[in-house]
Amino acid sequence: MDWFGLLALDELSHGLANLSMFPYFDVAHYVVSIMALREQPGALEVSRVSPLACWFSSMLFCFGGAVLSAIMLAEPAVAPLSNSTSVLLASITWYLVFYCPVDLVYCCAALLPLRLVLSGMKEVTRTWKVLGGVTQAHGKYKDSLLVMIAIGWAKGAGGGLISNFEQLVRGVWKPETNEFLKMSYPTKITLIGAVLFALQQTHYLPVKTHHLMLVYTVFTVVNKARMMLTGSSASPFAVVESAIYKTLFTGHSPYAALAVEVKRACIDRGATNGTTPAGAKEVGGNGAVEGQSGSLKAKEESEKKIN
Amino acid sequence: MDWFGLLALDELSHGLANLSMFPYFDVAHYVVSIMALREQPGALEVSRVSPLACWFSSMLFCFGGAVLSAIMLAEPAVAPLSNSTSVLLASITWYLVFYCPVDLVYCCAALLPLRLVLSGMKEVTRTWKVLGGVTQAHGKYKDSLLVMIAIGWAKGAGGGLISNFEQLVRGVWKPETNEFLKMSYPTKITLIGAVLFALQQTHYLPVKTHHLMLVYTVFTVVNKARMMLTGSSASPFAVVESAIYKTLFTGHSPYAALAVEVKRACIDRGATNGTTPAGAKEVGGNGAVEGQSGSLKAKEESEKKIN
Amino acid sequence: MDWFGLLALDELSHGLANLSMFPYFDVAHYVVSIMALREQPGALEVSRVSPLACWFSSMLFCFGGAVLSAIMLAEPAVAPLSNSTSVLLASITWYLVFYCPVDLVYCCAALLPLRLVLSGMKEVTRTWKVLGGVTQAHGKYKDSLLVMIAIGWAKGAGGGLISNFEQLVRGVWKPETNEFLKMSYPTKITLIGAVLFALQQTHYLPVKTHHLMLVYTVFTVVNKARMMLTGSSASPFAVVESAIYKTLFTGHSPYAALAVEVKRACIDRGATNGTTPAGAKEVGGNGAVEGQSGSLKAKEESEKKIN
């Protein structure tokens, strides 16, 4: 790619690729992750009642991706614990964020300028984690794009993907919410990163690894900063998502009216055959979803997001 | 076995054993599985709100057995994803069943004759999956009947056994129901298959593999067809189950009256010792179960099934 | 250590270390574990409705530690099933405890003297399990204290740690309770044992293995007997726990008043920045916890325990 040469970005991307995550970026990741845990409803309460549950939850926030990808690849789930230095750093961070006298650490780190820098540094670690997952899967399953995407995604966004079970450690159980039903921004950007790096590793995307690292890192950091500064949680992909959703999944078609007829016939036949499709009545004529199963409270929010 | 020779079934069973599941039988399995998902309450709603959750749920319906048996044998849970062709076929099926314009695919496949054929073909894949699981376990744990049964069962009926977690993906959580508390017909027939194939592999059952495959396949297909045509969900094993249950698990005995006395003494003693057995009062005099834990709503249905 | 030589305890500890757990101690473990399951609310009901769910639950009570540590180390979770003799013994125990005519076995085993002996023998098996877990982890992860503690703990107290999922098998779901939020005595003593054996194996604790085994076994057995005889559930570590908790986790400090001010400023700033820390209001001025998330019902009990 000539552009990188022309703009003297080649050296920058090499420099970035050789950057060591340990210790500064890792610590920033721990601080931001554990602060996110502290800001969960009920988390402070748990930290007073059961420091152990709080510590375990924090470790899942910090190392969730490593644990999840280890389970998916049948590697020891306990392996992240074997890196004593990381666990020690994360534990110290946990202690300072939750129990520091005068609550000094949390208050300082929560100041916008510092939080901005820490969040930016955390975004940088995401690139490394996603790439690490993708290359690890590439080593085991040559040319299996899906496995590479899955492992890269799990490694980069593990904390979010296992959030149901992380919450369970703290005595919270919200089955109606999960990252599959309603993807949060970090999970989404990690999935996109995993797709890009998987395509790059299998040479479908003709870019060099360090160039893609630079572009992806800059994008995530800039976007995160923008979201924090403007306080907006609007996804930068909303337009694309909406277009894809409308094209592929709504079933809007010139035959909509016909579809209703066909379906009605279909249901009637099903009923007489004794194999009534339980969910068949749930889709309205023009593809609109009519609330029925009260358990799915995440629906409305999700619809807002997608549309 | 002479019978097979006499009836010229030997060649038939050889022919069956050499049948390739890919692609027709596999696709039938995907279609029937994903239609079963679509007929779950709330599933259509989820398919509109979050296609990703719907896709992931569908993959668990299609490859649940492979994932569960992989976890039980400490093999990569992500391995089924590495078979790109299968995942692609299952994904296309998923798309067509849920989002096909005019809902054509679902409506056609839901027509009784076609559904009958597809369900029959799905039953055929069960034999292959159970046998695959049993032989895989046989290779790892020589002569351990229990492991062979467990893996064969998991591979053949994985989707049902992990249904709690599959539902969680869709935001549904029904802890009071699972396949252990109230086994469905497919889970039951798979368990029986796993036991038979495990006994056959360890030579306790003096039959040839392809003969057993023929007999088991014919039984499952015929039985499935019978159930679909008559609309009955009566298990063909109800009588045997009931007999086993009454003999082994009810505790009906000539000493029933005595038992009450002994138990009463027992409880009194427990109470004075300060170690009251919390559940001891729950069994009535003649072994009848008195509803107490309101959370267990599956009870009544299960009782109906067993008796 | 001279003391052991002087008191002729050296031979005793060697004798203990060479003791075989199979079959007597193992059976005692099965009996006590399955009786504990039977005394769970609703368990007897499940045993009548679904013997299979009851059997599976019992196996998780008996082999939960082995299953959990296998999953953590990426070894086959199904491995405990491959030891046919153990599974057979546990299954016979399960049958006799739940379905024995006249309920003879449960009533006899529930008699205080016999239960005392069985519980003592079960405590002995704990030493072996913890040590087994620690040495297994030591073989895989040299010098990683945390992994050794985690595996030793999982192996010794697995049934408790996976209790949420064991309950799920029986159709019970109590997300607000788990061993991390409110540790029970057996889980606590196992954790202490795992720490001690891990320190001993890495030579931080200059004791011989068989000496530590003797001391730990005697302590657990004596303590269990004391708790059963006095009917008290007071933890012998309550004082130490309370001291550690007060020192490290309450945040009582001479700056408490200041802390409130700082925090208030902090929250105000957060609010204006649009990044209100959701949980920040939950901690009162002097570190007292104010009940807010109604879902956390385990709180009050836990507080009682800790203070």
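Details
Here the chain labels run A, B and C in written order, and each chain numbers its own residues starting at 1.
What we mean here is this: a contact is a pair of C-beta atoms (placed from the backbone, for glycine too) under 8 Å apart; a residue touches a chain by one contact, two chains touch by 3 or more.
These numbers come from a predicted model, not from an experiment.
The minimum number of touch steps linking subunit B to subunit C comes to 1. Overlaying subunit A onto subunit B using CA atoms gives a rotation of 120 degrees, to the nearest 5.
Where subunit A touches subunit C, under half of the residue numbers in use are shared by the two copies, so each contributes mostly different positions. Mean C-alpha positions place subunit A and subunit C at a centre distance of 33 Å. For subunit A, the set of residues that touch two or more other chains comprises 74, 173. Against subunit A, the residues of subunit C that register as touching in their complex are 71-74, 137, 140-141, 144-147, 150-151, 164, 173, 175-178, 180-183, 245, 248-251, 253, 255, 258-259, 262-263, 265-266, 269-270, 273-275, 277-280, 282-283, 287, 289, 291-293, 295-296, 298-299, 302-303, 306. The residues of subunit B lying in touch with subunit A in their complex are 35, 38-53, 56, 70, 74-78, 81-82, 84, 87, 95, 99, 101-104, 106-107, 110-112, 115, 168-173, 228, 231.
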